[in-house]
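In what follows, chain A forms one complex with chain B and a second complex with chain C.
So, the complex of A and B:
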């Protein structure tokens, strides 16, 4: 079963003068166009539509609820607008409440994502390229260790990592969140599979014969061909870092360093504490603001990451 | 252990002229080195330290003492640990098949080419994956509520009292629903990506042989994506055993239904950060890691053997 899958993404050698392929060719020869097109089915569409509703109704609830005041939340149906339209109020209150701590959390999250996801992607691209295109001593060991690590539960690492970082004086600093985020075994695996397919070895050989060093070959030959894979890995490491809760929960005590996830949860928990003010409308509006950037990124970049993921899909 | 196969092409395609065979050199360590260094710091060192910690115990008098495998013995007799493990096992047995089954059905529907608006379906069903577990849990937690949630709405509209999703009896199912919502689209995408690279010629051959849709699915599509199914199962097993975020966040809304030893992960967290029992917490985490790895390995072996 393997050969068709692998050849499907293999960039075909092109005559000189053609523009270089910016992506491995995945989508162009859609197989259904070759034969007869299957008939569309209303029944199947309706059934799949049920799953679609399941996926979207909670998001609709979130968007609708973000337009309501705290009183409106209790007094109106969850899936339609109440009499009050307080979205703009809610947004401005979210950003100004408690001396604008939400803005701080947003900036923290951006910092963690920038350094963590950016760094994780860079390391995964370098490593995946090495695994795909070189034979080197220790290669099998690298594979076994990294894949085995995927199965280790988060808490098996969390406690000792916390104690180690605590000993190094790194807890309660951004580094405690950023450094563990730098490793993405899934990203490494995806880059490995992708680089194997996307970079023709002949092209690297040609670059070397022309006198390019390894670094230059990587940047000028490898990187451009890896673009869709890089976008994919970047998106998935971004989601992992943006959505991370457990790691910052352990590492951070000072709310000034919280990411959005931790901050939102602290706002929600505040209602349950003695004398704490319930701010459910802010929790909901803040949640919406937290979700939107990632959804936007997925929608805008879908062409790239879906082709990158297809190449990474595991074949037997 | 190896849960994933090396890329197929790397193993089976005859090496193209050049690199793979002839140049076995240390050059590549320049590229993999940075990953390896950070990996050592944030994965290997903590694992080693964890094992070290598990061999000691804090005593009220005399400080930390080496106790050999005593902590492990304690863990094996720890009722709280076993009941939390039983809970995630039930969760695993019910939630994972539902989630993966649903994901597979949607992936097959997308791949059949019979849907109107296929691209919209694909991207929209995937979107919940982009929602942080914290937000997903808060959101569903509110919706579960009777005060301004959907459950309350339904009760008001139809005048029927519904069971409380946050009651001790139902809260595990409610968590299962949240996790399913978060990951059904992600798994669908994995399956769909695997489905779309099956060569069309196989379908044509099946058609000539007179195979119907169902037969094509069972005889061609499912065997072809077995690798993806096994991987998704393994990741779901690991995910179930690591369950932490959803119960810990939902605890604010259902403090009576969710205890601090609700899942093994929650238990180790509570031991370590509320109880200050770092050594015992590390032990429980290691036991859990071993159990997870054994089960992931068994899933992989079974999944691969079926095809042989």
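So, the complex of A and C:
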């Protein structure tokens, strides 16, 4: 497991004179160690540059291609602008094509992310906190189940889940997407590990001595300390739900309930059917619109995610 | 129908399906699910009473057809659902049938996949609804594809008699003659590629549908199906004719390694690097929307022949509307299917760019004299209609062709990426298909 969070919450004694916690922490070590290590390694710079290119070129392609018409896409190179600049036209067509179904898909996705990812995070926080801070019979069994669940890919469970939901009459309804999304074994595990480190038991004991009940201790003492972990889990579940393709694919048949992933794919598939209209320009523009909210979420949430942690603030 | 009878009939259907005993259960007019005759009066009454039917289809022109149908029968509501395209929809349909929930009343099923559902998953036999009287309305290829013996498992929606689409500008530029035989086609492939190494006669990365269509045209009949008995022979005379010719294209690397239906493929047809396509007659609509930039460059010619002077053709693609047995509202479902595929809906769909399966439309003056601006004003339908009339009707697919096609690239596809000869690739495909058939309880002969 190499999530950013697991390294971020390792308690590190902060040397005096360090910038406040809200500053990007990754900068500090370099400043301090600059004298000991060579400042730059050409090899590393080149390698990092390559990785950066690898990550950005598809995005560049997407952004550039979104400015082209269907004919322009076929007639020009993928990585630079063609003669025509059709971005605004593409965007408005994307939102109006097929009676504006794209807006509906966007709202559906927001619904699934809001209920699914939000709910999954909430449950993971509750569960992780409980597992980290309370002892109860069967805890080891829970641990085994959670670790096992992390190992089982969601795709493997999709068909049994489908049959189960079909038995309950829930397929082809938004619930069929929301309910399975509520479960995030990885999120639970992350919150569990995080809560173990981030909430000093002494702090909880202090709160109890001061007369706070368990609920109040959780909300007023635990929750604020868990914030960076919560944001991390929220980001993970959001990305997972936003990009979820296979689960909605087998659960939903009615295009009115499609998330963006399925909707865009159905537009893409049109090009491969007899009599279907090829709308690659709309698929590309739609994809660009689809990745923007995720980029925004990362940029907005990263400061919470990276911000200083209370872990280690109490001497144990 | 009282609930118990219904359940009983369904049970019989399932038993038939499990035993794969289409011959054991079907055919007899007094047993099984064939006992009930549905008269035109029953259907009219059902239309008056109304109800909702769910239709799974990806065919774009059905949208207008459904709207018109509802206008004509205000009590009926048609829920048109695009449950995915071909294989995606078949998976969804199989899931729904396995779960016995959410099965649509009408489903679009391509001809190559129809046998699979007819034999194993239970489609409603349309013969008791009087579908038999439509036999003369359809051209032989599609009609033969929807029936097994006396049973009719769907109504043909469109058809795909093959023709050669070619980029005239490219042929003119390099002064290459448009091929009339497949030998000339190989010649043309060499000439074009020599004149401009970027240009390929066509793209082919191994496509089961295209291969079976060309085998069909070459006179090969690889699949013989008699109830649960199946014979697979992908090495008969016709198949050898096909592999001998196609092997030359493979050996000399004259086929563009571009996957069909991708944007790269559309691009290749736009910029002239893919010079021809031998596909079904439904292609014009796709060219017009997907390759706008090459409007006026393309033309249609009859499909190249294996023997000079012949007029053999084959079907490529095409689909039917069928009624899954677990669907409800059979009368309404049949009424809609007939409206869309044999009634007024056909005209609506033709206007939307679909290619008909009905002979009256194929032979009508209006249809034959339609000038295609995309093809420089060419009256391409004349070529398509002639092709439709020349399709041999004795072809059949495997009862599990969807599976067979899904392993084409793992078996025959090797010929496209390695030194494996195409004939050996087809042999491997035959073996894989036979093995699966045996596992599914078919008696497979080779």
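Following the convention adopted for this analysis, the second predicted complex is superposed on the first by the 261 of 316 C-alpha atoms of A that agree within 3 Å, B and C clash if a C-alpha of one lies under 4 Å from a C-alpha of the other, contacts with A are read in each partner's own complex, and residues count from 1 in each chain.
To be clear about the criterion, a contact is a pair of C-beta atoms (placed from the backbone, for glycine too) under 8 Å apart; a residue touches a chain by one contact, two chains touch by 3 or more.
Everything numeric in this text was worked out from a predicted model, so none of it was measured.
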| item | value |
| --- | --- |
| First (chain B), second (chain C), both or neither touched by A:234 | neither |
| Chain B versus chain C as contact partner of A:280, first or second or both or neither | both |
| First (chain B), second (chain C), both or neither touched by A:59 | first |
| First, second, both or neither for A:169, with chain B first and chain C second | second |
| Touched partner set for A:48, first chain B, second chain C, both or neither | first |
| Partner chain(s) touched by A:255 [first = chain B, second = chain C, both, neither] | second |
| Partner chain in contact with A:159 - chain B first, chain C second, else both or neither | both |
| Partner chain(s) touched by A:247 [first = chain B, second = chain C, both, neither] | neither |
| Chain B versus chain C as contact partner of A:266, first or second or both or neither | second |
| Dominant toucher of chain A (residue count), chain B or chain C | B |
| Set of chain A residues, in rising order, touched by both chain B and chain C | 73-75, 159, 162-163, 250, 269, 272, 280 |
| Complex contact set, residues of chain A against chain C | 70-71, 73-75, 159, 162-163, 166-167, 169, 171-172, 249-250, 253-255, 266, 269-280 |
| Chain B residues touching chain A - in the complex, by the definition given at the top | 1-10, 12-13, 16-21, 23-32, 34-36, 38-39, 41-47, 49-50, 53, 102, 105-106, 109-110, 112-117, 121, 123-136, 138-140, 142-143, 147-150, 152-153, 157, 181, 184-185, 189-190, 193-194, 196-200, 203-204, 223-228, 231, 234, 238, 241-242, 244-245, 249, 252, 255, 264-265, 268-269, 272-273, 278, 281-282, 285-286, 288-289, 292-293, 296, 307 |
| Touch list for chain C against partner chain A, complex | 56, 58-61, 81-86, 88, 91-92, 95-96, 98-99, 101-102, 158, 160, 260-261, 263, 266-267, 270-271, 280, 282-283, 285-286, 289-293, 317-319, 352-355 |
| Touching residues on chain A, where the partner in the complex is chain B | 1-6, 8, 31-32, 34-35, 37-42, 44-45, 47-48, 51-52, 54-56, 58-59, 61-62, 65, 73-75, 77-79, 123-124, 126-127, 129-139, 142-164, 179-180, 182-183, 188-189, 192-193, 196-197, 200-202, 204-205, 214, 218, 239, 242-243, 245-246, 250, 260-262, 264-265, 268-269, 272, 280, 283-284, 287, 290-291, 294-295, 297-299, 302, 306, 309-310, 312-316 |
